[in-house]
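After this come two complexes, each holding chain A, first together with chain B and then together with chain C.
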Partner chain A sequence: MSAPAATAMIGQGARPWTSALTPMRLIWAAALLAFVLLWQFGEPIAEWAFKYPSALRLPLKTWIGGGMDWLVEEAHFGLFSFTELTRFVAAVIDLPYRLALGLLSSGLLSGQGSDAVQILPPLAWVAVIGLVALMGFHAGGWRLALLVATCFGFIAVFGQWHNAMITLASILIAVPLGVAGGLLLGIAAFRWRTVDQALTPLLDLMQTVPVFAYLVPILVLFGFGPTAAVVATIIYAMPPMARITTLALRGVSTEIQDLGRMVGCSGAQMTWRVMVPSARPGLMVGVNQVIMLSLNMVIIASMIGAGGLGFEVLAALRRLDIGAGLEAGLAIVALAIALDRLSQAFSQQVRNHGENDRRPGLFRRHPLVLAAFALVLATALGGLFVGGLQTYPENLKVSTGTFWSELLRWINVNFFDQIEAVKNLLLLNILVPFKRLLLDLPWAGVVALLALAGWTLGGWRLALLVGSLACLIAATGQWDKAMVTVYLCGVSVAIACMLGIPIGILAAEREGLRPTVLAVIDTLQTLPSFVYLMPAVMLFRVGDFTAMIAVVAYAIAPAIRYTIHGLAEVDPRLVEAGTASGCTRLQLLAKIKLKLALPEIMLGINQTIMLALSMLVITALVGTRDLGQEVYVALTKADVGRGLVAGLAVAFIGIIADRLIGAGASRMRARLGLLR
Partner chain B sequence: MPRPRRISTALTLAALALGITFAPGVLRADAESEDPIKLTLHDWTGQLITTTIMGEVLKKAGYNIEYVQADYIAQFAGLKTGDLHVAMEIWETTGRDAMDEATATGQVENLGETGMLAIEEWWYPAYMKDKCPGLPNWEALKDEACAEAFSTAETAPKGRYLGGPVTWGGYDDERVTALDLPFEVVHAGTDAALFAELESAYQREAPIILWIYAPHWAPAKYQGEWVEFPPYSAECYADPAASVNPDETYDCAKPRGPIWKVAFAGVKDKWPGAYQAIKAFTVDNDEMGAMVSAVDLDGKTVDEVVADWLAKNEERWSGWID
Partner chain C sequence: MPEPAASLVPAATGAKLVCCGVWKLFGDGAADFLAASPSVDAPPAADDEALRRAGLIGAVRAVDLAVRAGEIFVIMGLSGSGKSTLVRCMSRLIQPTSGQILFNGEDLLAASPRRMIEIRRHQMGMVFQHFALLPHLTVLGNVAFPLEVQGVARAERERRAKRMIELTGLAGREAFFPRELSGGQQQRVGIARSLAVEPELWFLDEPFSALDPLIRREMQGEFVRLQSVLQKTIVFITHDFDEAIRLADRVAIMKDGRIEQIGTPEDLVLSPASDYVAAFTRNVTKAKVVRAGTIMTPLNGAAAPSGRTVGAGSRIADVAPLFADSEGVLLVVDAEGRPLGTLRRDAVADLMMQG
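Let's turn to the complex of A and B:
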């Protein structure tokens, strides 16, 4: 887009609201009228439109359950069975995991279980902190070294070292696999349209089907233990990487692509030497998301044998030890921040490679590597004589003790009535009426309206997709639970966007504010929601309100992050053009930057919805009655079919929202002349 | 999980060559497998104690033990395939369905009762007795003033009863109907949420009536009582005519059920001695209540408490491994 186009765009905002009666508006008016008539007067005539007839219900539950049994027990590739294949994959993942665990936590062992004998101790805590600091120094100078050393030091001082190293070991395996897998999928989707079409629904499913729904099959297929947890983590954490990869590659400017073609790049060279390096800023957002989501899975991973910090959080909150839960939770955050900043710095550094270091001598060329070896050796030997070097001394551990519990008690005793009043106001006036309204609507009418919306925004294909997915939810007998889900997620996403997008704009406009905002959302996204869920229960009681707080706190992060990213990526030439044509700061923001950042912001909203849906399993823990609860109940009854059907219904809601928003966004882009 | 055995063997040899020696635990009954027996750990203290006692006793008998952290329900997938071996606490009241489903496959075996009896019932803090003087008799709850004392803005004028997670069953919705109690049942999603609400209400001496279970630290920490419903009988749950309401089932108290031990079916052949020892294991509610309180309220570690118990009860546990 050129500067004149930008000026034209600014002019567009001044166009008065036209109220012409287009055919589309007429159709909508008629449809809405029909809908209201059906809703108000239809029940006696067409009861089926309100309550899905049970005779026509699809026994999807039984089919999926049966299919899963077949997969686990009978599926065979001739030489080996499906289960043998997955067990083999598990064994392959297990090898590097054991190595990482041995290095960081257990030491090299001979034998198994309590018979195992430690041959070599694990890396001393001093050595690990030293190593990450050296890596930090190498990648980003002494500032970064100090930051990561502080993060790891925090973990040691608060007595979380042992658990944190177990968690770190599984993250070190899951993140590279997730990033590599996501990158490859994303590139494939960029290059081949069919892959893109097949991948999009699959990614939606991976991200929105709650983990609890496929936990039991994963355990059976991959065995019980850390490996299964790693697999579940990868499934959950990979989709954003794949999505962002495709988006970032599409965003590479045509000039660069032309240049690549002119110098005669082959297909592979084009991908790896031109496209991927050019798309790096976008890709790093993906890496960041993989790290954050992997750490977010720590709690669920600990339920299936991964142990570590997640287990510590769960156990602490079960005995209502808020302080201990928070300390373990913050240790997860510290890990997340250290890993994320390190990976960002390394990617920046790879960009500046090129001139090979030709200084003579091993030591001169690799001083840091040698320093690392020296450190490991020195601490290992030193640790034999001074125990405090090997494991962090017990008497130097710090704890907040009962401080947080006492603070919470103080708030609870003194302010409960005020909090309760505000809560009741919101609950009785907004949440409950909205929920009743949704539950009251006839499903057939809602399906028809959704299909109409699909047709308006994206043609008959979209109408068919949206309509049939919505119909499937009703046909599997989950309409009411799905409506409760829509209500809870809808309210939460609305609040998250109302808070998140302005915060994102503010942070993008003021450079000084950005690091703080990013640190806060990193914390929110990686601090296990369990940590603040239980205090929230103490202040707000179990129920929808508490669930809503948890969902907003978690799902606000992408709304902020993508807004910042989108605004930061706006072509500076267009901003200059705007300034040159005399825009004020506010006009510049509203008429140029926000409009150009719209695709990113829409992606942020999309991700907000996806994350809100993925939080449903957690909100089931505070007593909501939605699809999340259905999945949770199915898990406790080990009913694979029931869990997956409810999980799919969650995914369908996500896909419907995603497609409608996506189609709406591209129409908007077309109208603004932003289409490439 | 198979370990890279060959690598570790090589390392063992290297270690031996360096002159580092070690003594393997050699009391094990002959011909039993040296593979580790995997015991599952869940996220509540009582279970950690039960499992650690069993594990330490088996260690003393020379068995190789590995503790694995696993979810209470999800663990059955592992028990069925033999990835996990022993689960020490399956509560009649909360784990029965999953346990029955697993034992029906023939891959999981019920090794009998732990000796502990699960109590699950409506419970209220002692200060509520002033506001509802007829308690603990259940008929006091029928009184409207009493129900209102337990109400919140969302449930008023009905009382609010905080039930366990839906997954626990318990038939409280049916109980409220059958006994015609002016109460609304609100389900907590998890037991942490249940006790978070109790802690919050107790701090403010605010009204609360909820599902509590024992053995647990809560009845030791908070002063309060169980509601006394008409006594439980199997007929009351099955036959409308039984108990106080002639037209409805569930018009009585909840059953008090045993807590079971279960194991992978292969344990019996692979470690017969350990199998017998696990079957023989018993502790009772009072012992367990005291140990749970020692950990959760007095801040001792599970290992300290278990070591203490082992020292005091040597005769008992040595009987299990004979």
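Let's turn to the complex of A and C:
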């Protein structure tokens, strides 16, 4: 968050409760005056405050690069070297991946490379659709079966089957590993305080550092290919699982824990027989998260060799072939919807006593398993004679690529001037001036104001954290790029809030509208972030404006969701009290509900900022000039130091915003007596 | 702190569980505070002040009590009185800050973790306020769970679990999941589970508080029936004074972590030790608590009058209707039918006038 915005927020929050001149206000007035003076007249006197002195620059890039070289070439743990460790990890992932790939896409092969001979064909497309439909039926009845079958059918019809199966294979490997890893980390954090203390900041960092940044070291350690991609996916998808596991375990009632100890459980029995099963509903939310994040990673992971749908999208985006990119992108969406609904249905499944009886015979107990086996066998045999059963017939494929390209051309021919006018208006009047302003500000002044904001909101610890993180950004020589990031992020977040909060208010006020809005943002959030980029590029071509549109579209959901939630959570007794004292509907909203929902809405804005930052990095592909671009360039050059340093700078911006807003929200909540 | 005053403990013979000078303080430096504090035996008010200055919360303070084998010992207190903490100290789910807990004469606080697991597996059972049933297991699985943890073979543990399920009146629901049962039924499962290991010492932590009043009554009756069959040593926690005097052989009343009074329901009702206890007993119908043996006139060698007899343990409320058609004196006899004294109409009327 930029300093002026922080000031505005504090000023506004303090108004109704305090008199005009408190010491805090005087300090702020003095600080702002000093800041403006420094900014306007300081340059000749204190040049260091505008340009970070190069003599004091921290050569963090070189250190990280050197550390990486040492890891790869020299690090040794006694019995084995670091390189051997990474090779071992790669082998562990590679074997099941080959198996899954063989099953879904390539068939079981014997031999190497192009000499390989297919021993067994892969699962027929009909069989895969049948299998997911059976799973859908098992978990959620025929409606779900129909939905997932439609999603997979869509993929086949649009000719994305082959690529989709490659993607599915890597998801099938990444998800169990991510879930297991996250579960173990979460359990460890639950059981040992020290692990928790070590893990929390690490997870914070992992979730705020843009993915691109750690793609670089993974690329260096694991090489280019599907294995590296799976590793990156696991690292990306695991932190929420670890967090949710710890939370879910902490949420298990103390009585259940007492029970475990009273019946004399050992440590392992306590964990696996009492705590983990009792925390199951929470854990399943984590599993769903891992699946969705893995899918979100599909396109990014293809930068280091994942192949499949992600590569298709990326390649199309690079050659600006919108039609092809959109089709592959929609196939990812179809996959995401199917897997999301399936996993949710599995997590909500409840067993009843009737289903628990033990009838003899595996197949009589599990008719669906029998059906699945029969289906696989029948299609495999049938596929030998009827080719169309094995692979989706070429002549039945539909492509809408030309349609999209034509539509785009039509829009561009007919509306080019209008679109350009809107774009230029915004660019010239808002985006560019704001960017200039931010770039002009003296870094030292901004750091000081941020620290002051931290001190006001959360005491000297927060001031120290915020100030030193901001200082580090300057010290590693990335201030200007960071300001571009702040500018793009700030503008996008502002627009997202200007659109999202009113939508949220509207949805909260009108009961009839709410389910629709919630369903729409649920769907928006299951879409991988790249999908947002495509229509934006189609209409506005490359540049900051396109990036901004994509970021707004991606990041608007939490602004809406938290607003609805915050308004819905307002104590109904207070609303009643307001009605009883004769408030109009509008007064109720403005004077009671919004005031009380403000802390929650601030958390929504916080989430919006986080999403915006993660999306910004991806928009580097459409030619922004910020930290994201820096990371992206580092990726193409496999420059670990450069990538990580820029990535950390993005993370720092995120952490600064997060801590300041979080502190502000909890202060406000305390003042409103809403402490949880 | 000084050595626990063992003399305060009533003759520990026949005691299953003894607490001597048990303290539980929450907050940093609790043990140091107790070690340094000379005020342990000081009046509670001085104590409150010292604790507040040290920033500590005294959940259990200087508790001495002995639970006799085969009795129902009820610990009654309002919320925040420390009763739940005390019962968790007794099973060492919570580590007391200081004091001694003797179970069959063995000091639990000195027991190794392994020994504690052993004791809990075989000798203790506990019923929880909110049932604490494992959601992923069936009724049968839940009841058999303590045995499963011990490593008892499936057939054997299911056989024993089924017996408990029958005993608690849940036969036929073995395959149900907790979610499919009513609150009362769920607590029956909790009771069956706690009994599955055939414990010597049975803790019930507000077992019926989460149930609605009618079901609560029914479960209390069920509990009395079970105890008449099983004859366990029971520590029963409740915040409901009526429940306490209905079920207890003896009651301990707790306030602010201290025990105000220990005694039979009659002791509490007839001679409350403090205003606090008196406040609870004021609204109790004394005739429903006091027994014939307590207000009879002892024979002291005089000849027993002829006429109807009542047991010394009968409650006055049950006996009173007999006066309607008798001449004014009933013979009180002990369990073996030997005459003990006479119960006079005016004594009964006197008691009933008090409310």
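FYI, the second predicted complex is superposed on the first by the 469 of 676 C-alpha atoms of A that agree within 3 Å, B and C clash if a C-alpha of one lies under 4 Å from a C-alpha of the other, contacts with A are read in each partner's own complex, and residues count from 1 in each chain.
As a convention for this text, a residue touches a chain if its C-beta (ideal position, glycine included) is under 8 Å from a C-beta of that chain, and two chains touch if they have at least 3 such contacts.
Just so you know, these numbers come straight off a predicted model, no measurement behind them.
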Contacts of A:Met275 with chain B and chain C, given as first, second, both or neither: neither
Chain B versus chain C as contact partner of A:Val263, first or second or both or neither: second
Contacts of A:Gly225 with chain B and chain C, given as first, second, both or neither: first
Which superposed partner A:Leu539 touches (first chain B, second chain C, both, neither): first
First (chain B), second (chain C), both or neither touched by A:Gly623: first
First, second, both or neither for A:Ser253, with chain B first and chain C second: second
Most chain A residues touched (candidates chain B, chain C): B
First, second, both or neither for A:Met297, with chain B first and chain C second: neither
Set of chain A residues, in rising order, touched by both chain B and chain C: none
Of chain B, residues touching chain A in the complex: 1-4, 8-9, 11-12, 14-15, 20, 22, 24-25, 34-38, 43-45, 59, 64-66, 68-71, 73-78, 80-81, 83-84, 97-98, 101-102, 152-154, 162, 165-167, 186-197, 199-200, 203-204, 206, 217, 296
In the complex with chain A, residue positions of chain C that touch it: 88, 91, 93, 117-122, 124-126, 128-132, 134-138, 145-146, 148-150, 173, 175-177, 179-180, 197, 203
Complex contacts: residues of chain A adjacent to chain C: 253, 255-256, 258-259, 261-266, 269, 273-274, 277-278, 280, 350-353, 356-357
Residue numbers on chain A that touch chain B, as the complex places them: 91, 94-95, 98, 108-115, 117, 119-120, 215-216, 219-220, 223-227, 302-307, 311, 314-315, 317-320, 409, 412-413, 416, 420, 424, 427-428, 530, 533-535, 537-539, 541-543, 619-625, 629, 632-633, 635-638
